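Going in written order, the chains are labelled A, B and C, and every chain counts its residues from 1.
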């Protein structure tokens, strides 16, 4: 089941590729698809070398090695939670920050291979987000470098914080894994991030922000007065095919995450998975509808015409999906409607702010969708997490009698979950910006980041990739470039 | 397994979107894709509010509530059939017609969530069929309204009739669920409709017929003498990609339906599923080949040229798939060949009749494929249902010693199955036409149904959706209309 | 699980269709997609009639029929290997070459239906490879004939040799199935071909070689001096979408093969499947990266420009996938990196040799990818097969105490595996060429193979398929080439 979910998540790469390809101008179509393919390829190497090690290379004392499960094992129903119930010896404080074993898969038990594969697809998904933000003007060489940077180091550390039982923000910590620490669960709850709003979407979105900001807008994106000029993609059918493929892949992303946290053999497992699938659908639907109507109302009040914008609706569906990614396992269905709809609103406003106030050119709105709605998804978990469902997912609260974990303040709980979520948001912002911004600035200084204006005007495909993606169209060899589109 | 099948069925939305997008002219590509996305979104809301309640909100007396399973539960292997074996108290006659519980999922046990999700994907599939028939001329607002109408009311009632153990046509009724009724199984057999020829395809096809008839043909579809004029789609690659995606999704549709009827723990389960997968493949293959040769022969005898028509072959594959949908679980493989091939023939003839006799303009041949072959599929079940296989699927005949259910007349059985199928066909026709035709006529009267001729000529994308799907092609705002892109 | 893997493999048909469609010129797009659809349809009929019978119609004496499993059965966990442990009576020597039961599925136990379906998707995949090599100039009628030839006879025989427990090259033979033979396992090891480098990819690739060679190059592919002239496809986005779909489908192809060989109930099963999924990913990634850099270096040293070629990278990913297909279940992850990378190199060199030395025009490089890397994959299995993993997959060595099977010479084993692989390569080459070359030559003699030069210049879509795939583009009747198709 996990493997099949991993296939679906991998399929999201195809979705991103189509989404990007349709959204850029034809002269750069090959470039962006190539980036998306290489994303999977380099991501695989990077994850192999250090990614898994930094994220899940968790400690284990020799004394307990023989008796305790050390890694999740789907066959025998051993999960991260079971590790909590097994007595480990002392673990150094450094494990709260980063893992340090299993580099290049050495000594990795084969029972963990399925987890390795599933987590790899997550890491690749996170990194691919950025390709949308730097489209049409980024150098190919720069892409390879920052892709390695993110999958080898930036993403795994955040994943370790939140998803490893040793991570300092993790809701899976227990008295043993937190032995030398001043607290067990951060803020008394840990961060509830089921399928990766923080680790996947925020990391990708924040890195996109840094990249698009350092890189600057495409030529012609803003006129002399600083007003944005529309630069629509060349093929809306392809873009929307991408939305559908992503939506489909999300059914691997969200429900599949259940196996990373819970054992497949507990009685609630299939109930949680079904609830996740429904919430994912509902979040996408309400995000799409909300965005469609918001955009229509906005156009109506500013321009006086009724327009139902397809691309914005598609991005709205993605916004709803991102928003529901974090809390999908522990909110009620009605809450999923609200979360998705507000996600659509957050996307729409973030997109406007990016473009009109910050003057950041983000061809695919990757920042608004992934960073904006990633933040909202984490906050929504703090608000709507339902009491019983949280404990179903994360197991009983360590050190309590009734085992009830903290839940969302709107559901009658206290602000602990929200507090932990805020800390996660802050730390991911600081961590990602602190590493990626200097990295991108250095790339820019050494001239590796942005293509020359001539190449940009001509299109990356003809310049760097041996010809246009649609060589026969036009018959003038200048498809999509020479005629002012 | 059911969830993953549901993902595949959801993926059919992507297939329909590509099929439709490729089959319309480029000036309406965005419009039709948007319709297909919103179909999933509004369908989700509609199904949430009343759809599931009308279809599967089945009664239960308080006395038995504690002891009897009330809803299928995949974890514990409880299915609709098990409900039959549990003693319920008296149920009012109204439950034979429509369900009445679980509106907005209130009180719905979480063990039923997987069934909710799977059935939702069916409802959305049924409703999306219509978008093909009204393409290129229907108002966006009308689409939203009738989508809600079908998913909230029309489809759920038919699904209740046929698939709920309380439905008056259901083959799953038993002495308890039919307590106050004059008979247990209608015509002594009930309707054998495994994966939805009646509920999904016929409802969608008949509503398409009503819609296309009330809406009238596209401008220019028939010349002054009333002869049809070809209006080919703008991208055959996209259309065929849609056929492939649908075919792929059908493997969720048909085999997945097994879990809705049977328990996954019975020994025959995996045999039935494998047989369904093979029959589905065989039906599509023979439908495609038959249609290809029929169309070639027709062209040869009328025009004297040999043409192998891709689009017709693709529709033929879909026709075979629709035809085999109903009987796929209880016919032999050789019968699947015959059913698929005749399905292709039915499609070809229906399409010609629609166009040349009835003068109905159906851009995607949705009526011929889904209504024509849906009817044929139900009849085929009455003819070819094999004795042992029927009982494997539906369980032993209530009230008999040997448990043998009625089977198809060609296989040596009597006409009971065929009789029940005819009643189902008649009732679905009457029910859907009786509701949707007045509904569409009212929409037309208040001016909400059809766009103005100017908008139609210009294309819906430029008029209502903020620009063409392929903005760079042409650059004259007339992409895809034959005027110089 | 096997069925769902089969769906994914079926989905590869969609991938091939898109890959081919994008890679040919627009004037032939409909033709090539139609070929790919019919491939599934005719393949289904051919497999039904004789394919399964020749491949897996294995003998069984009447005395043992009651006690022994005769066919794999997923429900009860019976696999091919279990057949080995059951005592069969004598089997005639002819069963080493070809099977002879279950024509048209007659008497096939329903418990084998899932295997039938899964193996059908393999057969169809093997046959579809050829459509890429003959694209743009092959007659439609010829395609139908050779498709039947391959799925009905050529492929099943090879599959029987390697995968049936009775096949003379099979690693699954045991003293019983090899009763009257001079040896049990060929060369003491049998051929280790996990997911079909020999049966699927080599058969398809070698048949492609024969077809492209007999058919001759497209008009204009070589100039008067015999130098190749570039003929790029019309839509790189579609091609790359095809690569993604194929990669996705490969996760059905490789991991799904585990169930054909191993029982799903043995403890190692899920470990093997997870390792297969990782190796598949790694092989694709390293194949893609290696090819990208090799092609870049080649261009740099010959032309002095840095070009990152998308299409070549995509083919490199496929080359890596083909190379890892055979040994994916029993090599370490680091070996998968090496195998994939060398696969990319093999592809690049084979492609150049084909084009520049042999002057064979293969529009999709099907020969280089499938034949070249298929051979390499078999050799790689002989080199890198790891000791413990081989026995995990194929079970203990018959007639030994420690049960250790032979393994790769680089891993410290002897050359037995390599020897068996070489014999398999030789025999598949001889068998396929010996049958298909005369077959194609006869087709050519009777004028059924190649379209006339006029039709080729005009494009197959307009001539044979009733119009262009993109009827609205151009409006000048010159879609896609500017030269009058």
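Assume contacts are C-beta pairs under 8 Å (C-beta built on N, C-alpha and C of every residue); 3 or more make two chains touch, one makes a residue touch a chain.
All values reported here derive from a predicted model rather than from experimental measurement.
Taking CA atoms, the transformation carrying chain A onto chain C includes a rotation by 120°, reported to the nearest 5.
Here chain B and chain C face each other with different sets of residues for the most part; under half of the interface numbers are shared between them. Annotation: 35 Å between the Cα-based centres of chain B and chain C.
The residues of chain A that reach two or more other chains are 4, 235, 241, 473, listed in rising order. Contact residues of chain A toward chain B in the complex are 4, 8, 25-26, 232-237, 240-241, 243-245, 247-248, 251-252, 255, 267, 270-271, 273-275, 277-278, 281-282, 284-286, 288-289, 292, 299, 306-310, 313-314, 317, 333-334, 337, 473, 480, 483-485. Interface of chain C with chain B (complex): residues 3-4, 6-7, 10-11, 13-14, 17-18, 21-22, 29-31, 33-34, 37-38, 40-45, 48, 74-75, 104-105, 110-111, 113-114, 116-117, 120, 140, 235, 238, 464-475.
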